[in-house]
Every structure is written in C-alpha cells, then in structure tokens.
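Have a look at these structures, which come just after this line.
Look for chain A in each of the two complexes below; its partner is chain B in the first and chain C in the second.
Let's turn to the complex of A and B:
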C-alpha cells in the first residue's frame, strides 16, 4: 500500500502573547506537543483547549500531530491559532 | 466621543488584547492593510475570538474590513458583526452604492446573529478624489453611516502628490469634508498622523483639525493618544463657562422658560448644545447628556 502524502499547515507567530501552531499528518491518533515557557504549568489546560477546538470541527479529527510553540498566548489566542491551522490543513481556510 | 481611534493590527494578539489599556476613545481592529494577503483567514479567526471574549474597557470597538472590491469583505463583515463590533470601517468608498451593499450585508449579519437591525454603524474612508467628490451622497446613503474620514497616503497618491508634514495636499479635502459631515449629520474623523515620534507635528495637526471642527483623529501609535486628548481637552475657563450655561439652561427649563440668559447675554440652543459637549470632553458629563 502506498503511504499517504504528508501534509502540514501552520498558523500564528512566535511574537509575544502569540503561539505558532503546526499541524502535520497523517500520524496515528491525535498527538499534541507543546513547548515554550508556560508549557509545563498550563499543559493540561492548553491540551483541553486544543482538543475542544479540534472537536468543534466535527468528526473528532484524528491522525494529526499538533505542535504548539508558545510565547505566552492566552486561551483565546491559542484556540484561534489552532482553528486557523486546522482549517488550513484541511483546505478550509477562512471558514 | 471619538477624539482618538487606535488602529490595532488584526493578526497581532499583543496589540489586540492590550490596545484598550492605552485608553483611546475607540479601537479600529484592522483586517486590511496591516494583515498580509496570506494571513487574512488567520487574522479573521483571531479577531472573531478576541471580539467575542476580549476586554475593551470603555472603548468603542470597530473593525476595518477589506475593501468591497476584494474577496474578503463579506467574510470580514460576517465575522466582526456577529461577534459584537459596534462599527465597520470600510476603505476606499467611492459611491453610495458601496454603502448600500455594505448596509445590506451588515443587515444580514445582524439578522443571523440576533442583533437589533441598525445597531452596527458604518465609518467611511474616503481615499480617492472620486470618493471625496461623492462624500455627501456617501454619508447619506445609509442611516448606519456615522462618520466620514479622509484618506492619507492613498488619497495623496490619488491626487498625484505625496504627504507633507504641513498637510498642504489634504487641506482642501479636510475643509470640504467637515462641511459635508455637518450637512449630513455624521462625525468627521481625521486621518492618521504617520510620524509617530514627531509630537509637535501631531499637536499642530490635531489643533488644526480640531479648529476646523473635526471630532477626532485616527491613531497608529498609543503615544499619540494623550497628545490628542490634551488638544481636545477644554480649558478651565471653557469648562466654567459651559457649566454656567448648562446650569442656567436647566434652571430655565425647570421654570418653564424658553429663553436663557447668562451674564446678561441671551443664550440659544446651539450654544447650550456646545456647552454640554464641552462638559463631555472635560469628562464631566456623558455623551447621552450632551445630546439631551
């Protein structure tokens, strides 16, 4: 069987109060990797936010890896960046 | 009051979330020039979320959408109207039809979001000679239009000149648009002063447009806000005069008298209205009181 084509999409920046979200796939399941100063302290809350946003797309997207490089992004910003990155990933940018 | 309306780049969380802390009278969340073509989608999502859940203090929150000649403007309108922006600033308006199209789109977005019809206002940027020429018809094209604003760089380019520190190239346009604004019953808001480190130049320009009658200026840097507020702040003497006029008017009204006299001078309705507005600018009365 031919391996599926690798895809990647990004949204956000590494500026202060922002984060850079990179979505790649296909991988097995849904993998979330968070790096940055706040990663250790707020990891659980950030993962919850990421999952909520992805689940909002319906069909509970899997087979993706979500990488977040955080530079102090608030919950609002993290959610917006994940949504934009995933919309780009599935070719639905600007929904 | 719209003495200062601060532009905030729509794809910059830091500015979007902190802009109100500089206490401008209004915010203009920008989806147009400060957002590159490839980031329009991401900025729109960010702006939508910030509008929905952000804090803006006492600021009037508006958004500059992309021009109606682009593929983005309808999505911009849907995003900002449904999430609570109280106004839409539209660039390069040249004809009343543009305003009517925008009005229709906003009406649709209001209906979809369950927002009372007519809540969202339109701020028209007049950035071409043609747009300036049509200013009155544009300002009257919809009851949503609340302000007209001359362009800066784009208008200078369309006039085949460039911007100078003295503002010679915009002088006639500024004079014309204040008359248009008053005739149409909308605010006149001035364009930005782009030299962010030239405080004296900004003060000079703000004094000039204030004297013309402008209600305020657009602002591109937080440091410009206190300078413009200072220019627009009434003097102690003006405040004292205004207070006495308003008190005399209230006393006359309570006694059922039509005529008002202060210091032996008869005072008419426009003077009372101006006195009330002086107190608003001094922070001693609310906007609604000045209109009452």
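Let's turn to the complex of A and C:
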C-alpha cells in the first residue's frame, strides 16, 4: 500500500458524554479499537452499535480501522459520531 | 465455605491473611457491642536529666525506635498529596534492611506511589488503610499477598483501642515540634491545621516518632499532641510540599446539573424536621456538597436560623459560615485549605478533634452522633440504598472509606447527592459492586431528577410530601431511578473477578461488610 492511499476522517469531541471517532484506512478487514472508562462495562454494546451503523451504509464497509476515544457517550451519540465519521471518510459529507 | 452477612454479601468464612470471619460478619449498623477493656501500649518512663528525644534524622530515629522486620508502623494523612514522610520512612527502612512491614496509614495518596518498588521488593508486606490511585490499582490486580483492610475514620481508632491492631512504631508528621516531643500542626512552613487522625496512634503505639522540619524551643504553644506520648523527635529538611498539603481555595461547582442537584438537596434539608435553630452539618469538600452549603446559607439567612457546628474536614467555606454567625463552632479533624489552617490557629471556636472523638463507634459518644445532616457522595447506590465508595465502575479499588460510614450512621439525615450517570455509567444500580455503607443508614438520594427517600424513612417522605406541593421538589422512587439509568446506559457487562480477596471492607464496628476480589486480567 502506498502512503498516498491512506485516508482519515473524524467526528465527535472529547467532552464529557461524547466520544471522538477516528476512521482510518485502508487496513485489513474491519478493526475496532475502543478506549475510555465505560469500555470496561459496555464494550460489547459499543462494538455492536458501531457495526450496525457501518453495515447500514449498505456495502458493509471493510478495510477500515475505527478508533473510539470514549468519554461516556450514550449509544445514540456513539452511533451518530460513527455515521458522521464514515460519511466523511467516503467523502459523502463535509467536515 | 461462604457465609452471608446482613447486607446479603457472600463472605468467605476464612480469608488468607485476614483470618476467620464467621464471628465477625456484619449484622446491622448498631448490632455489635464492645466488651472488655482497652488495649494499650507498652509503659515507658523518662528519667529527668537522662537522655534526649532528639534522635538526629529519620534513619537514626528508626534505629533508635527498635523497629524490626515484620512490625506494624502507622502514618496519618494530613499532609495529603504533599506528604514526604511515608516515602522517607519506607525508603530509610529499605536502606536499613528492614522488611515485611505492615503499614497502617490513615490514607495513602498518589504521591505515595514511590513506595510501589518497596512493595514489590518485600519491604512493605501488607497495607491496612485507605489506598488511592496507583497503589489501589496495584492492589486490585493482586499486587499484595495479604488483603488490604479498609476501615473508616472511626473504625480505625476503634480497631487500635480495642486491640484489633497493635502499632509498634507510629511516625507522626509534625509541622512544628519541640525537643520534648510536643507537636502542633498549626505552625511552620508545612502547617496543615488539625492533626486529629494522629492522636490515637500517639496514645497507643509502643514507640512514637515525631518527624519535623520545624524544631522550635521548648515548650511550643499551642500543643496538639503532648510530648508525654512521644519517644523520639527526628529532624528532616522538609516533611512535605505546601502546594500538595493545602489547596488554595475550594470552589463551588458551576455545572448547572450539579447546581440543580445541590438545590434539591438543600430544599430537602429545609423540608426536614432538622432545619431549625442549632442545626449541625457536615458537607466535605466536593463540588456538590459545597454548593449545598451555599444554598443552605441562603435558606438559613432567609429563615433566620443559626446553626450550632460544622464537622469533619473543614474548608474556608465553613470558616466563612462561622464568621457570619451561621454556625457557632467548627469541629475539625482535617483542615482542607489555607483558610481553615489559619482559622484553627487563631479562632478558639475552631476546635481540633481526634478521629476517635470525631467518629469512633466504641467510645462514650463521638461527634458524628451529634450531627443533624450530612451530605455525601458515592460511586454507586443500589435499590436497597447500599452505597459503594470503594470501587470504580471497572471493579478496581480506588478509594478509601473516609468518614462515610461514620457520618451516615451518626447523622439524623444522611443524604447522598450525585448525578444519576457519570458519562455512560449509572450511579444507581440494582446491586452495588461493593457495599461500603449499608442502606439502613442512608436516608435519601438526590439526583438531577429529584429527591429519592429511603422507604424506611416514612417520616421524611411525609415531611417532603407537604413541602413538595409548595416548593417543587420532585420525588422519585428508587426503582424508577434505577430503571431510568438502565434505559439510558444499556445493559452492563459484569465485572470479571477471581475468587481471591484483595481487600476486606470493615464496617466501623470491625465486622466484615464486604470483600473486594481480584480483577481478572
């Protein structure tokens, strides 16, 4: 992979009850990395929501890494941030 | 084998490094009564004109104290995150080849992570006392062989006086001392105000060592701990960093949600039968409790009510209340900021009290018994009103008990005030991970959704119902609160722990109210 092919997009903030989602690629498959205090008790739910949102884009996006720096976002916020970040990643939305 | 205590916790009948528990399971907040006589220290006698207490530095004092491997040494935490004494003593013990020590601090702070290498090398074999931050994390992951024993501010002096814990050598950080071992916390560049947690140690240790960076001529005045208890005086360059000892000013929260919680709590107090001339209260130094104090001040002025005393850890906020005549006295076991330090040194109505006087359940009446209202926090509260202040959402041991149990048990109205969620993590749950304080002594929970009264306190519910009509206090049942939190957060995954007990949580009477188990990697 040439460095020129690397892409990245972000959505969200590090404010309390929000999260910062960073999508980078291309990588092999679909990689999800979550950090933050809530991950200890909500990791499964968070991963499920991230996958659901991405799958909602139709072509079941792969070859991306989704990094979530969580600061207590509820599911609905996490989903919105992932959707915005991926839309930016594929160039469908502005920043 | 497992036993079940009165708050329905499974407690192993024998805990490695702690002992058998069947005779000391928690039975209820006021169930266990003492018997027998006080334990006590070795009797010593100083002969006039013979010898000197001035030992030199920390090393020399440790050698003179007769401290040996395997013994128990104690510390107090009035120098908080600025303390140098614990680290100096442990390092000196390591250099002197002393190991397998049991340390019995009132609390350890982040600054004490410097002793972690000495835990790993076996200089420190066991900790009996509050552990915060990095050492708490080490304990949670199984870094110590024997379990940490957590005791409240009142449970600790009870354990010493009743003989549960015998202190071989007490090290007392002394902001000012003289050559006869008289100690005060009120003067000197490391002044910390009250040194109330150290009194019981000074009275009950076999050997007492004062460590000072401000040796003054005999006799100093005022004296907090008289030299009659003190064997040795060590002089060192500095016992602490003033910036870590006292904070400049403690601030009221500006977060609108927290202000709303404080407002509800203050209305609850105003609605209660305790809001009358002579009211006494304790609110501590957190953002919400300070805001409650500010709202109460307003209400007291409006209804011309003058209180009797403020208790506990004292802040400048309480000093101002006294100056304005809204409370008559302050009873101070720990002075949190510079204003409190200056006040205790200059105002006779600002009284220094020991931890025994403050909170011990087994004496002829601790100050907490005289308390009308206390505002507390908690990391979690459950539908039975049990409160957890020891473990975090991930199950790690990160906080001590402080005066939580003692004030909750002593006060006529115990309020836990905190937001329903911390980020995504619910603070009201079906079952707390660790019971620190049993629901039977928690009277009300206040969140941004309103006031939740413990159904056992029907009198309080009635008092509020009347008030609620005219003054807009939303009353929310506990189940509804837990359900609301669950809906917002989604289902939580369980905390994965092993069977190994890393900490024992004692109720203030010495019974086991809960245990904390090692986290699975």
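One rule holds in what follows: the second predicted complex is superposed on the first by the 89 of 95 C-alpha atoms of A that agree within 3 Å, B and C clash if a C-alpha of one lies under 4 Å from a C-alpha of the other, contacts with A are read in each partner's own complex, and residues count from 1 in each chain.
Here is the rule we use: contacts are C-beta pairs under 8 Å (C-beta built on N, C-alpha and C of every residue); 3 or more make two chains touch, one makes a residue touch a chain.
This one's a predicted model, so the numbers in the text were calculated from it and none came from an experiment.
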item: Chain A as common anchor, with chain B and chain C clashing or fitting; value: fit
item: Partner chain in contact with A:74 - chain B first, chain C second, else both or neither; value: both
item: Touched partner set for A:45, first chain B, second chain C, both or neither; value: second
item: Touched partner set for A:90, first chain B, second chain C, both or neither; value: neither
item: First, second, both or neither for A:15, with chain B first and chain C second; value: first
item: For chain A as apex, the angle formed with chain B and chain C - C-alpha centres, to the nearest 10 degrees; value: 80
item: First, second, both or neither for A:32, with chain B first and chain C second; value: neither
item: Smallest separation of CA atoms, chain C relative to chain B, angstrom; value: 7
item: On chain A, the residue positions that both chain B and chain C contact, one per complex; value: 16-17, 73-74
item: For the chain A and chain C complex, residues of the former touching the latter; value: 16-17, 36-38, 40-45, 70-75
item: Partner chain A, residues of chain B touching it in the complex; value: 11-14, 17, 40-42, 44-46, 48-50, 53-54, 75
item: Chain A - residues contacting chain B, complex; value: 11-13, 15-18, 73-74, 76-77, 79-81, 83-84, 87-88, 93-94
item: Interface residues, chain C side, partner chain A - complex; value: 392-395, 421-425, 488-493, 495
